[in-house]
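Both complexes below contain chain A, partnered by chain B and then by chain C.
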Partner chain A sequence: MDKKKKKLSPLARFRGFIQAGATLLTNLHLPNFAKGTLYQGGGKYVCVPGLNCYSCPGAAGACPVGAFQAVVGSSKFRFSYYITGILILFGVLLGRFICGFLCPFGWFQELLHKIPSPKLSTKKLKPLRYLKYAVLLVMVVALPLLAVNELGMGDPFFCKYLCPQGVLEGAIPLSLTNAGIRAALGKLFTWKACILLAVIVGSVVFYRPFCKWLCPLGAFYALLNKVSLFQMRVDTHKCVSCGACAKACKMDVDITKTPNHAECIRCGMCMKACPTDAIQYKFGLGDQSNTETTKE
Partner chain B sequence: MKLNRVTALLLSLVLAFSLAACGQGASSASSAAASSAAAESKTEEQLLAEENEILSANDALWEKVFASMDKNVTETTISANYGDFLLSAVEKAKDQFSDEEYKALTADAEKIRAIEEQIAALAPAEDAASSAAAQGNAFPKFEGSDLEGNPVDNSLFAGNAFTVVNFWFNGCKPCVEELDDLNALNEKVKAQGGEVIGINTETLDGNQQGIDAAKKLLETTGASYRNIYFASGSEAGKFALNIMAFPTTYVFDRDGNVVGEPLLGGIDKEENLAALQKNIDAALAKDSAK
Partner chain C sequence: MFMTKKQAQLLLLAAGVLMLLFGLWRGEADTVFSKAIRLCMECVGIG
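Entry: the complex of A and B
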């Protein structure tokens, strides 16, 4: 046991602290929570890697998904090259490592999952994974682009109708301190508060349900997970095919078969479970996965 | 595992507290400021009343002094201490009075000078109050222009029984969608002595691109009410840029003070229009009570 812990990557060992640190850095303007105001400085021209609402009083940067919709939905632009570029950069550098380590909403769901309760497996719900690609295509790209008024302006459909992070970080803290915003809360808030509640309850029972099934940002990074510089590597000479990794994986991935699966958030639980230390993080160019078991 | 659970619990507690901690604070502070300001203005009134008493005690003599005064009162004499002003006037008209009368007049003037000094000491506190007003209760002083280039300043408030000020920007869909409703509102409130004013944050500093885009939007939505801009670095500019939810619509009274709570959201929604109408009614009632 001790021997194994020494070999475990510090990234995986201190993941909780990294998540906490990333959440704090993403929402650095803490006094704004008391003031009920937003930071509106230069930092908001840049996107943070994780799903973190622009309208969170503490937010240091913009949400990539929100910013993308805002630009695509405006009458001036049809497509946002700037934000897509940032997203591709994040995706190629880190892939879904961002989900596992840097995303505040991912961390939020994980903390909720620590609440003692009967835990349910999501293995049988795998088809729901594809829902998030539909959310990305329809709510983030298509509807803001196409469902426009006569002046060519669209709505940020994902932010407006689905995103629970917006309610958690934006609507709730702002309405607590800002009477004007409190007065403006309506049906839309009720609807999205219900979604947030569902995600919260779901997160206690399931592991990261929003990441698995709904998050458009996760979907985008998932597409780049295979080509990202941050990869998992399984040493086939060490692997004893015991299956402990697949059992430990809460994202329902069998890492020995597909080390760079779109759903792998690089959390490192398989590394902790592996009795022979066969699984490692690798960062660099080229295919780092050293597995013989290429799929047929 | 236990440690994990404890940390999770602690963190969720911290989250809950940080969200819930800050509800009231602001309102109680502002009401305290208002009451102290009221106390100060009362004492200033009392002091002025004292001055008037002093003057009315020797009414006949002072009438003579006032009659002898130079009618061309310049700004420097007004801004100087009123007591000094009276003293110099008495000095000039000295030969019209007996020694006794002259002494009584100078004594009065001295007293008034002392009171004036007290009032002057109050002034900084009053300034502080007015700057507090600039943070939320009154529209800050500004000099700007409308989108056609005609100069506009704070006097626009005095010209209207109430002024509805709508803050918007070009890329804001709900803002643009209420422009025609705001125009209809402007036509409606004209009869009541009111006016709708638009402030587009993209036109601040006379930004030509922003102005062109705003004009186009106003034109296509058929909105013809005045839209104005000013320097973004001015107090009014800060007021506009501190707004974080668009559209936001304020109602100001004749003195440029905010009436009611600002409305967030477009008045193309019925409940929002009703909320705005409440503020307008309050402003009208206030104005007719004067």
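Entry: the complex of A and C
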């Protein structure tokens, strides 16, 4: 098939640029990297949609996972309706489109995966997908809520022990410009740096290992992927069941069977692979996922 | 079917807005802000 005749969505075509733009917007305060300070304006009242540490000098908003734990682990509140509400709205509107297009850490892993090396399939590691739901439930919700000190305050367990973004975006740039922070880094930093290193090495050989197996934000959006307004649509009249889409999918999804699978990050690789242009993006209320269920 | 997809979407959107407003009303945004503007010791690995 002549690829020039393919009607590929601009979203899928320019995904790399959108990811770069989203990362820049999420970390807009670039001069702070040189100054070694954090942005302290009103943008930090609101959380960004992707995984982005609020201790990154350039961060324009709050990290949704960190903010949730900060509220739950505070002495004043036991649950964050504010952050949950924001995440439900993000999730219902966009689902895991956020992972595929707007998350800075997702983009970072994708860039690493472009490094030439032997690539390994994750198809046989599918059970590991469920780990991220355990991370969400245990490290983000349960432990900050239940493992509290005498003042009733809990640690942000995910941020403290697992999240590699804090080291990548926070510790590394801040320690380069701030000797005090550099001197304070100890065993915990070493542990988190090892996690970051493992994710970096893992990302070179696997496609988005952190997103697939560990990200609690991805887990939350995955729960809403089936009902999100942003959907994938498979035109069953055009589909020739060639299997090219399932083969092209690096998230190990067969879109013809489950167009809005929890693991689908709407990256559009299936659309690029489809020889009959049977797969499209759709945005709207109701089920837009295939022509059997959608009346135009 | 218990609920159509459209109904579920509308219900979740309404729930999201209500939760957000309730959280704002009880002052959660201030807690988020005060955490987000300071260096998160746990995040960067200081402890």
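In the analysis below, the second predicted complex is superposed on the first by the 284 of 296 C-alpha atoms of A that agree within 3 Å, B and C clash if a C-alpha of one lies under 4 Å from a C-alpha of the other, contacts with A are read in each partner's own complex, and residues count from 1 in each chain.
We take it that contacts are C-beta pairs under 8 Å (C-beta built on N, C-alpha and C of every residue); 3 or more make two chains touch, one makes a residue touch a chain.
Here the structure is a predicted model, which means the values were calculated and not measured.
Peer 1: Of the partners chain B and chain C, which touch A:C245 in the superposed model: first, second, both, neither?
Peer 2: neither
Peer 1: Look at A:M232 in the shared chain and tell me whether it touches chain B only, chain C only, both, or neither; answer first, second, both or neither.
Peer 2: neither
Peer 1: Could you look at A:L151 and tell me whether it touches chain B, chain C, both or neither (first, second, both, neither)?
Peer 2: Touch status of A:L151: first partner only.
Peer 1: One more residue to check, A:P116. First (chain B), second (chain C), both or neither?
Peer 2: first
Peer 1: Return first, second, both or neither, reflecting whether A:Q40 touches chain B, chain C, both chains, or no partner chain.
Peer 2: both
Peer 1: Name the contact category of A:L176: first (chain B only), second (chain C only), both, or neither.
Peer 2: After superposing on A, A:L176 lies in contact with chain B but is clear of chain C.
Peer 1: More residues of chain A are touched by which chain, chain B or chain C?
Peer 2: C
Peer 1: Using the superposition on chain A described above, determine whether A:I86 touches chain B (first), chain C (second), both, or neither.
Peer 2: second
Peer 1: After superposition on the shared chain, which partner residues are touched by A:V141: those of chain B (first), chain C (second), both, or neither?
Peer 2: A:V141 sits against neither chain B nor chain C.
Peer 1: Touching chain B and also chain C: which chain A residues?
Peer 2: 38, 40, 55, 70, 74, 76, 155, 181, 184, 186
Peer 1: Which residues of chain C touch chain A in the complex?
Peer 2: My answer: residues 4-6, 8-10, 12-13, 15-24, 26-29, 31-33, 35-40, 42-47.
Peer 1: Can you check the complex and tell me which residues of chain A touch chain C?
Peer 2: 38-40, 42, 44-45, 47, 53-55, 59, 61-63, 66-67, 70-71, 74, 76-77, 80-89, 92-93, 155-156, 159-160, 163, 165-167, 170-171, 174, 181, 184-186, 188-193, 224, 227-229, 285-287
Peer 1: Can you tell me which positions in chain A touch chain B when the two form their complex?
Peer 2: Of all residues in chain A, those touching chain B are 16, 20, 33-34, 36-38, 40, 55, 70, 73-76, 111, 114-116, 149-151, 153-155, 172-173, 176-177, 179-181, 183-184, 186.
Peer 1: Tell me, which parts of chain B touch chain A in their complex?
Peer 2: Against chain A, chain B makes touches at 4-5, 7-8, 11-12, 18-23, 25-26, 171, 173, 176-177, 217, 220, 241-242, 244-245, 248, 261-265, 271, 275.
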